[in-house]
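Below, chain A partners chain B and then partners chain C, in two separate complexes.
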Partner chain A sequence: MSVSAIRRLILTGLLIAIGIALSIANPTFLKLDNLMTMLQEASLTGIVAIGFTLILITAGIDMSIGAVIAITSMICVNFISYTQLPAYIYIPVALAAGCAIGWVNGFFITHFKLPEFIVTLATRGILAGLALIIAVKDEQGFVKNVFIEDPVFLSFGETVGPVYIVTIVFILLAIATQFFMKRTRAGTNIYASGANPTAARLSGINVDRTLIGVYMFSGFCAALSSIFLAARMMTAMPEFGIGNELDVIASVVIGGTPFTGGIGDIWGTIIGTLFIALIKNGILKLGLSPYIQPIVIGGIIIVTVVADVWYKHHAEKKATQAARRKAMESKEVGA
Partner chain B sequence: MNTKSALFKEHMVELRLFGVLLGLMVVLSLISDRFLTVDNLTNVLWSVCLIGIMTTGAIYAPITGGIDLSVASMAALAGILANVFMNTLGMNWIVAILITLVIGAGIGWLNGVVTTKFLVPAFIVTMAAKTYLFGVAMLVSNGDQITIMEPAPFLQIGIGKLLGIPIPIYIMFTLVILSHILLKKTVFGRRTIAVGANEVAAKLTGVNPDRTRIIVYTISSVTATIAGIVMASLTQQAYAMNATGYELDVITAIVVGGTSLMGGSGSVVGALIGAVMVGFINNGLNLLDMPSAFHPIATGIVILVALIMNQGVSVPAVLKRWFARPGAAEAAK
Partner chain C sequence: MSNNVKSDLLLECRGIDKNYNGPQVLSKVDFSLRRGEIHALVGENGAGKSTLIKIVTGITNRNAGTIVFDGHDVPVEHNKNASEKLGIAVIYQELSLIHGMTVAQNIFLTKEPLMPGLPFIDIKKMNAMAQEMIEKYGFDLKATDIIDRLPIAQRQTVEILKALSNKASLMIMDEPTSSLTAKESERLFKIIRMLKAEGITVVYISHRMEEVYDLSDRVTVLRDGKLVSVLEGEEITPAEIIRLMIGRELTEDESHHKMVDKRDREVVLEVKNLSAEGKLNNVSFKLHKGEVLGFGGLVGSGRTELMRAIYGIDAFDAGEITYLGKSYSPTVEKSIASGFGFVPEERRLQGIMGGISITGNIGIANLDSISSPAGFVSRDKELERTQTAISTLNIKPANPDHLVGNLSGGNQQKVVVGKWLIRDLKLLIVDEPTVGVDIGAKEEMYQTIDRLSREGVAVMVVSSDLPELTRLSDRIIVLRKGRIIKEFTEGVVTEEEVLRAASGIVEGGAK
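For the complex of A and B:
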């Protein structure tokens, strides 16, 4: 059994164990409402996490995802308050804005050879500020809470049967992305660019263009998530999504996509998102202090990565031992 | 090359920065007549002091090619912990400060160990640290803004004056001088630069990169703790959100100061000038009555511009290459 399969089994086991523990501690956990709300929460993070998985596969990082969520929801709110345009016009505009931001990130990273992390941290600051500036204000200049009444827009927050639309979109997007990553040439290019950019360039892959595309996809995913978030909340605030980066990073990392690039897939990310959503829901259902949440999420990231490295060391040690034993045996046979 | 011009060249970055700083001051005093008042400049000084104290230690992480994002949360937590030790547990203020510093050093050490021994990118470790330290700060303080009324000597750290100059200024300049000497004149400083410039080469010449990095993150956390104690005493308040966003200001100051985030070079004096510049820019935005939202925008733009300048790439060349037909960029390589 491969390492990632074992990892997924362990994670799934943990998911079930925590689920059972939670349902014993608080019977309301197992109610269909709670489970579906949890899935909805997971999907909102998960859509962003899909884009982020691709970024991590290229060994990059995107800190601007939270700010992209903020600014795209503000764009939607502006369209709703100041224009009569229908939702099917401004939603594509918002999604395009997400892509455009990703393009800018990618452009700075590839053409100026700047560190990914600091570029996206800078754009994060710029976008968070812009979101506050373009927010709809009342006469006194305070940010106004716009209630979204557009039925088409609100329908994104509805359910089909018991399942929220966002969950369905999340699953469809995950399947499509997984297919794209494993079965198309562009997907292979992304893995190659992450594993070894120089080798990828030498074998004729346009690494710069691949990276820009990945950052655009990440921006798109964040924008998509923001629309579902706004539809669910029936309003939008300029603080939306800011600070969500860590949840997303935790989801992707626990799902088995390392920071070193070249490895990872979407299935792991799905399990990781579910895991983080379950933990957050559990903290809520157990009535613990909400301040514990950041401690737990920060701790999970570090513990996961530390465990990964330990396992890797262990595996390497075992492999070298096996190789040495084999060499010894062949020597004996030769003698 | 004679020594004089060599010296001039060595301090070129600082001199250029100083020129930009003077230009910024002239522009600000022309824009607003409130800029050159004692009250306003004192205000700028406080924020510069806190950022300056943090940068003296935080600059080492970028020199090794890493980064420390946890400084702001660490500072906020330090103020809260010092208050708990002094006022809840009734310790002597010196003992309380020492214990807080030890805790700060411990957290920095942990950051360093996780980064080096487990090969986790520094920004992930320190961002996770930022988050959980914030959580701990919220838990300990219960999310309240705690007013610190006593002990009096503790409050003197922030508001006291010696020879008419506020004590935080002394603290900042002492740390800047110490940090400058540590970086430029000691074995540890040379090791830090070597690890950042070329880790493999450093290792081959007998430097232990892991140990160097662990010390670097410990120093970074300790200066953040000092800044937190000064801040708590200055504002007479312990609050988990006291320093929110300072890490970005610290990074801006470091980058503006000419330190490459890729590692291998850095200037403590440059970072100090960078901190003053960040203070002036924020102050200028306030004086122009800009909404606070312009603050992160300005910081972000300054970071990007400074990074591109540090990187030494020519912007027109990049744009020209980009506007050329698709594929030309690849062919040119």
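For the complex of A and C:
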């Protein structure tokens, strides 16, 4: 069995175990309502995490995702407050803005050969500030809480049966992305560009274009998540999404996509997203302070990464020893 | 051997000139390949082999000359993609394979078979196509193997399959056996002959004379960026190739450096049966006070590994080291404290900190002697030591605040040596002392080493530059595949003798 399969098995086992423990500790945990709300939470993070998984597969990082969520929701609110345009016009515009931000990130990273972290950290700062500037203000100049009443927009927060639309979209997007990554040339190019950019170039892959595409997709995912978040809250605030990077990164890393690039897939990210959502929900259901959520999540990231590094080191050591032994034996014969 | 091959040429380069904004790397080189021949390209380090290959494959552009490939003129603005389309493939060690992907994915990267009418990869078909190719050539592989788990030799066969799937008519192999075992090399030679039988032309670059001798139909010898000779058939013998590679009729004092027997002096370092799995095999030698002991051998023969083990960077599995009469188990800290100096092979990576001043670079290895017991560094002492190093070694510019990254290669190397000179030095290890160093600074480096040895410092020198090795050493040990294969102790030694030993040619005949 492959490493990632073992990892998924362990995580799924943990998911079930924690679920059982929680349902014993607090019977309301198993209520359909709670489960669906938890899935809704997971899906909001998960949609962003899908884009982020692709970023990590290219060995990059995107620190701007939270700020993209903020700016997208502010764009929507501006349309709602100052124009009569219908939702089916301004929502695509907001999604396109997410893609455009991703393009800018990708352009600076590839064209000027800048570190991904620096570029996206800078755009994060710029976008977070812009979100505050374009936020709708009252007469005193304070940010106004705009209540969204557009029924088309609000329908994004609705359910189909008991399942929230965002959960359905998350699952469909996950399946489509997984299929795209594994079964199309473009997906293969993304893996190759992350695993070994030099080799990818020598094989005729346009690495720069591939990277720009991935950053655009990440921006798109963040923007999409933002729409669902605003629809659910029935309002939008310029702080939306800021700080959400922690949950997103945790979900992807726990799911088994390393920072080194070339490896990872969406299935792992789905499990990682569920895991984080479960932990957060569990903390609430156990009556603990929500303030410990980031502490626990930070701890989980450390534990996972340490386990990964330890395992990798162990496996490599074994492999090189075996290879050397073999080499020595045949040298002996050859000498 | 095969004179009756169709006389038409696959590749014809005429009068190739190349300079990288400075020294002429290639001048008026002619290089031609016949269809379906195995053609070896040989020359010493820096002879221009890699530059010639880079020009043919379009990684770099020529300054002058014409190239005709398969009847087509190749323009000066040639590039990698264009050369691939022409059917030129380079087999890299493992550079162009994608980790985490299967053999089949690597072979068909960017040209995966798609399902009819859909943009989706037909994985089954791709695996089947790859498996068919593997079986056709009888390789020991599975289409679904993940690259990461394959040994280097098999990764190479994946590279070859990838080239074949590109319909390459010319395959260039650069030092393909340098990390292969004897058995694996044999298998590779079989594959190369198979390629030849299919009409594919193979260019083979190697330092290992016995391989060149066994495989090649023709041999092109380069020296100092010029074409020396093209050998064919009976003319190809290891001794002749080595003679041509070294070339110039050597003057007495240039090549025949007389060795000095200093083995009656006090033993500084004794190494007994040192072994490290896959790197060193039962290495034993003694190093004496004031002696310069040279280590020759091919790249990968274990010279650098031996130095690193003695200095305490890498662990070893078995063996004993005695230093100044006492048993010694090395760690870097202990080595520095006991009077070792180490000038590593890759200056930029391991020797200098480019963004820091000369003072800072020299201070870092001497913090023990320039700081107070409380741990504060004395700037005055640091500066004083740096001035000493600058004046003894003639470092230019003589400005202690100058950033080391902005110095010339030769002066950078002086800073690395300078770190150790200002200490109570007893043993100096120098790995490739003059790589990337200009001629003037080279001579200064030699004089420094001579002077140190006169002062009683024991020196170990690793060098692939044969004139340098013979010029510096009082005694030369040649390593091959982690073992000591030959030791030159007295009289005169020629570059030719060292190269023969390093190539595994023992007393004349090919092994």
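Just so we're on the same page, the second predicted complex is superposed on the first by the 319 of 335 C-alpha atoms of A that agree within 3 Å, B and C clash if a C-alpha of one lies under 4 Å from a C-alpha of the other, contacts with A are read in each partner's own complex, and residues count from 1 in each chain.
In this text, a contact is a pair of C-beta atoms (placed from the backbone, for glycine too) under 8 Å apart; a residue touches a chain by one contact, two chains touch by 3 or more.
Worth saying up front: this structure is predicted, and the values here are computed from it rather than measured.
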{"item": "Contacts of A:Phe259 with chain B and chain C, given as first, second, both or neither", "value": "first"}
{"item": "Touching partner for A:Gln293 - first (chain B), second (chain C), both, neither", "value": "first"}
{"item": "Which superposed partner A:Val305 touches (first chain B, second chain C, both, neither)", "value": "first"}
{"item": "Touching partner for A:Val119 - first (chain B), second (chain C), both, neither", "value": "first"}
{"item": "Which of chain B and chain C A:Ala199 touches, first, second, both or neither", "value": "second"}
{"item": "Per-residue touch tally on chain A - higher for chain B or for chain C", "value": "B"}
{"item": "Complex contact set, residues of chain C against chain A", "value": "80-81, 84, 95-101, 105, 109-110, 112, 114, 119-121, 123, 149, 151, 181-184, 277-278, 481"}
{"item": "In the complex with chain C, residue positions of chain A that touch it", "value": "179, 183-185, 188-189, 191-192, 195-196, 198-200, 202-205, 262-263, 319, 321, 323-328, 330-331, 333-335"}
{"item": "In the complex, chain A residues that touch chain B", "value": "61, 107-108, 111-115, 117-119, 121-126, 128-133, 201, 206, 208, 245-246, 249, 259, 289, 291-295, 297-299, 301-302, 305-306, 309-310"}
{"item": "Interfacial residue positions of chain B with respect to chain A in the complex", "value": "67, 114, 118-121, 123-125, 127-132, 134-136, 138-139, 143, 248, 251, 255, 261-262, 291-297, 299-301, 303-304, 307-308, 311, 313, 318, 321-322, 327, 329-330, 333"}
